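Labels run A, B, C and D following the written order; every chain starts at residue 1.
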Amino acid sequence: MTASIQETLVSDSQAPWRRWARRHGWTFGVWILLLVLIAYYATLIPRFGAFQVASIVNNGTPLVFLAVGQAIIVIAGGIDLGVGGMLVLSSVTAARLMEGQPLLVALLIAVGILLAAAAINAVVAWIINVSKVPDIVITLGSLYFFQGLALAILPNPAGGANEWFRWLFTGSKTGIGSNPWPAIVMITITVTAIGWWLGKTKRGLSLYAVGSDKTAAYLSGLNAARVKILSYAIGGAFAALAGLANTAIAGRGNANTVGGNLTLNSVAAIVLGGVALTGGIGSVIAVIPAGLILFFLSPILTAMGVDPNSAQVVQGVLIVLVMAVTGIIEWRRRLRS
Amino acid sequence: MTGNQSLLAARDVAKRYGPVVALRSADLTVEPGEIHALLGANGAGKSTLVKILSAVIPADAGTISVHGRQADIRKPGDAMAAGIGTVFQDPALIPDLSLEQNLRISELDRDDVLPWLDRMNLSHIDLDLLAGDVPLAVLRLLDLARALARDPQLLMLDEITAALTTDQADYVFELMREWKERGRSVLFISHRLGEVLEACDRATILRNGIHVAHLDLAGVEESALVTAMLGEELVEKVEAAEEEPAVLLDKEMTARPVVLELKDIRLRDRVNGVSLQLHQGEILGLTALEGQGQNELFQVLSGDRRPSSGELHVDGERLSARSPYDAISRGLAFVPADRHQALLPQRSVRENLAIPLYNRARRWLSLVGDEEERVEQAVERLTIDVRAGRQVQRLSGGNQQKVTIGRWLASGFDTLLCFDPTRGIDIQTKAQIYDLLREIAGTGSAVLLYTSELREIPLVCDRVLIMYAGRIVGELPAAAATEEALLTAAHGLNEEAAI
Amino acid sequence: MSTPPTTAPLVESEEPTQLQKVARYLINHPHVVLIGVLIVLILVTGAIESNYLSFSGLRNSALFAVPIGVLAAGQTILMLTGGIDLSAAMIATGAAYVAANQSPKGAAIAIVAGLLVGIIAGAANGIGVGVFRVHPIIMTLAMSGILLGLFTSWAQTIFSGSTRMGDFIRTLGGGSIFGRTLPWAVIVWAFLSLLIIYMLRRSGFGRTLYALGDNPVASRLSGLRSWRVLVAVYTLAGLLGAIAGLLLGGRVGAVDLQLANNFLLPSVAAAVIGGTSIFGGVGTYTGTILGALILGVLQSMLTFLGAGQAIQQMLYGSIVIGLSWLYTRIAAAQ
Amino acid sequence: GGDDDEATETTAGATETTDAAPADETFVLGVSNTLVGNAWREQMICAIKAEARARGNVTEVVLQNRNTDVAGQIADIQTLISQGVDAIIINPADRSALDDVIAEADAQGIPVISVDAPVTAPQAYFVSNNQVEYGEVGARWLFEALGGEGKVAYMRGLDGHPADTDRDTGWDAALADYPGIEVVYENWTGWDPSQGAQQALEILTSMDVDGIWTSGIDYSVVEQFEVAGVDYVPIVGADNNAFIEQLMTIEGLNGAGVSNPPSIGGVGAAVALNILEGQDVPKETLLTPVVLDTMDELEGVFVPDLTAGWSSYMVIEPFVSYASPQDVIDCKGPGE
């Protein structure tokens, strides 16, 4: 008996690098890929400087936040088709309320929106809990609902945003410029904070636990329903944060944004970021580069002189290829154990 | 005994699931400083009672008092607070989290459990492993360590030994005894009456959700317990099933044609060159301690994994299976130990039994004409209780187990590969499965039976192989397969028994 | 032993009251409840626009339900295996586009060409999901993008030219027999429905779909080769998508590349409203049909409300949530 | 043809050519479009390519063409700037949200031409069909056709879209002059043919209407008379080829197409290049829509064998320098 346990220990600890690769390899790989792509892009275009970096980082921010929100929900065993709608909703609300407000008020509004988004999505999660309807169905409904609500709040494109608020997300009071730092700082702080919370604290781990094995989690005394609500609340807040970034970039609100597409992008991004759609596995840190890459593919392809239609095809094929590789690896691994 | 000074007193606990009465009215009293057995056939209500006591599911009726005080226990947390620690029938660790993280979500850290792991000879286990990568037996022991770390007044163990090997079980008994000496109590559930009589002081026996007896186990016979559990009339049947182990003589057996032959099968570092011959009409037993490569060996045999090297011959012809389908189409039928790997929980008994019929595309256009008969025969032969049969997940574990075997009766096979088919199955269902295996062998099919319950081997097998560290280290005729002989071989001690 | 084991659970049976009987009946026949909902919706719509409560009014709702119902057939059989098709709408559009473009060459060629689009795209999905084990959401999502890209460029190259649907397909999609009473599209749908219901209830293929969705590991150990099942089922779903596209394109009369955009989420909604589990293993097409009809009536209702898209979408969302909730309530009570 | 001339006058005297720029200079045009698969937008892009090709001094047309929102378009325009284009033609997803990025482009010496819908950025050039007029002339035609009396259905475009708002202004202006007209139905089709078809079928079967105004979702609406099996009523649509064909071929269908040619993109490209060539170009170029209802007007523009959703009306003289519709249909930019 002892023997067999010894084996389990040895066989695994023989190759610690292997364990590291299995747990962090993906994250590492995606970051590398992003850097490689950016370097390649730099060689493709006439000038590559602060303006180009800023335009990638700033404009990639909404998708990154949206994907992080989705990741948190998926890790806890859910999936939220409504995040896209939430983005639009918070974006138009912000644009409508912030117009002509001083920074302080704008910030208060922003905080209010984040809290409201968290609360609303918590209600969505609560509905999922009590109704026992699969997440994907309820959130399909919330997607429609949020979009409708957004249209009701802002029937025609309108509104505005405080210029310093825009600076917070874009490093420029006009929404464009050559200063990527505010966006970088904002992403780094929020995502590493949430990443630390997920991986190190009991509450955070409980998201992984419930996403990974609901009954086991319950037997170890966790309250799955509460964890789901928690994950949706946080995810909703991140979706709203993406919405705020959106308003900061556009300086205006437009409810005719198609939330559905945004949602699907967020799902593609987390999968590229190595988050398992089955829950319990993944790191939000890897979602940052994944989101940027996804945003960044089409500029690269156009810069390569690929026409946009073919670019769309290439993009689809690339995603499938990446997933095929990981899909097979994962399947092999499952066969092993 | 009056409830007041007892550690735990449950009165008239009732629980029903829709039409099914899990617990009708069960009483259970556990005194301080005793090891109390909770016995009953499959479906008697043991797990249900345990789950109610640890507030995993609410009771429909009944009162629970701890130390004589009415306890208001709503969620698992409350139970822990009330000093009740439970190891459930299914492991409660999160596969995708490391063991360490698993501890953290239950608000423990390594120092709390290390002393206990030490007691189970697990002190050197690497807590950075993912729980999913750790063998089941070890997980059960970790569950135990986790429960102990909370230093509960009452420790409830639901079929913890079912997945353990004898020596692992011994660690558990040792800890139970120590718990008792410390004036704490243990509630012990197992289908292995031998260990129950050895370890426990008193027993409460459930039948169909009612307590039929509270007895003092001092000097009680196994047979008495069986009678109490099953009721008189069943007992003869069971005994009938257990007499005259049908051992054939080796020479006669080896004269028969070889239906399945393994030539030096290897799989990474887990299976290190296994060769064996399975003859027509033979029941070949295989036993081993936890994690000696038997799982991997069966994965190879069932076509689920390809061996790194070595050959597999069926009826003298080479078989290199790319998927279970190839093995099945050559007549190898595999019955896994874990029902979750075998059942379609939400589908009917009928669909579960018939599914292998449709693994060929040419049968896709309609249903096979005699599906109904095939299914009914299988149900008959195994006396599967199909009343909750609209969804197999509503069947009792025992009945579920029967379905996993019945599937192959319905679709046909030449050689049956059974991996611990009687794990966590009550004694009567076991007897039934033994019958069946013999019957199958009688009709000229062959059976390869891995079992962790050494007592079974003389009952069913003609011959037994012992596996250790990925190799076959011993072979015995069933007659000579005493528990001692098997155990020594299983520990890789008496190389001379090997051939 | 012929006697059942005595450890079998004791099943209680006391006389249920009349009310309980009704309740139990509804619980065991959830579709009856859906039919009830359908009727209520029809009456509400009638209250909004009295003319709706006429044969032709209901006929319209049926017509609207057809493309949703046929697309949802694809979603249903995929969901049973634990899959989904987010490229369904794009497949439908592409098929219709090609069919319309090929119409001058004759109905037969047009239809075959259209259906081929569905079959090829579906098979590609199936290979991605079944052989390369790409997650269905990702595979079909990517496929949708790929198709959009391909067809936008093809629209100016190999498929340039008129996209007016040929008369035959237009009759199929919008025409009726018996003097404008019975739409061909509804007949086609009914026929497909019978095939699919038979397939799910009485065919080996149906069994494998449920099995695969319910427990892939068990299916594999029983000898199912999942990739075969998946390639087959995704191809079939693609074919159904194409048919839906032809019927829709036939009714609209001419095709552009946004034809079926707004039918994707409804097709998923119809299946889930009808009680198909998105996780696989449980569901019926009968339920999906009712789901599609409900959405068809809803469409009429929203039109008459003349409400802006804001109200429409909020209402739509609420209905999806409400009905699926109701349904799972019932299923749970079983 | 002759129709084209009368079809198009421009506000503000358009083209005083002064060949300032050296003849041998070549340019790269950037295009940002946020709606893929939409026939009108595709044709717009093709017209841009055709013009760029016809002018001969364009080396490449860089397209940013994907389904996205305002923020996305802002990103795309920055991408075009990064990739060093000489001028940017946009179909704006928002009236004022693009102002800052347009200012940035202008600051980097890149002129921005907004096609189809206006933007508030002072630096931008604006090339469009007059949407207010579009709404008004069509409405007037319909009300006249009904003799100033009757119930009409008002099938609008995309809720909240600038063009839809403008057209509504025109519609209201016309409606004010016809007290006898009652609007019994008003709803948005989202410029989605199948959506429009469903609404039309409902209207035709369950309501009684004497006329229908559609915001460019026309042929699928006409189709529904057949499906519903009711008699045709006067209908106003755009210049989609399929609709023109219906007007020409269907017995008893009385209707008018109001021109809203996507080839305006070609005009946008022409304006862009004029600017780059140093010509003096008016900030605003507005095409007045024409009503196509007489048979020879229809035949004048109809192009046999053309994608249904494409406008028949492609060669917008005097602006564009490509000669025939075929150049647009071929949809080939320079060097393709």
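Please note the rule applied: a contact is a pair of C-beta atoms (placed from the backbone, for glycine too) under 8 Å apart; a residue touches a chain by one contact, two chains touch by 3 or more.
As the structure is a computational prediction, the values presented were derived from the model and not from experiment.
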Chain located farthest away, centre of chain A as origin (C-alpha): B
Rounded Å distance, chain C centre to chain D centre (Cα mean): 35
Chain A and chain B: spacing of chain centres that average the CA atoms, whole Å: 43
Approximate Å spacing (C-alpha centroids) for the pair chain B, chain D: 73
For chain A, residues that touch 2 or more chains besides their own: 151, 155, 307-309, 312
Residues of chain C engaged with two or more neighbouring chains: 148, 152, 308-310
Sequence positions of chain B contacting 2 or more other chains: 304
Which chain pairs touch, all of them: A-B, A-C, A-D, B-C, C-D
Footprint of chain D on chain A - complex, ascending: 45-48, 51-52, 55, 59, 62, 151, 154-157, 174-177, 246, 249-252, 254-258, 261, 295, 298-299, 302-303, 305, 307-309, 312
Contact footprint of chain C on chain B as seen in their complex: 16, 19-22, 24, 41-44, 207-209, 230-231, 233-234, 237, 302, 304, 323-325, 328-329, 334, 336, 340-347, 351, 354-359, 361, 363-368, 380, 383, 385, 387-388, 396, 398, 407, 426, 428-429, 432
Interfacial residue positions of chain A with respect to chain C in the complex: 127, 131-134, 136-138, 140-149, 151-152, 155, 260, 264, 267-268, 271, 277, 307-313, 315-317, 319-320, 323-324, 327-328, 330-331
Residues of chain D defined as touching chain A within the complex: 36, 60, 62-72, 74-75, 78-79, 81-84, 93-97, 100-101, 103-104, 158-162, 165
Residues of chain C that touch chain B when the two form their complex: 1-13, 202-205, 207-208, 210-211, 214-215, 217-225, 228, 232, 281-282
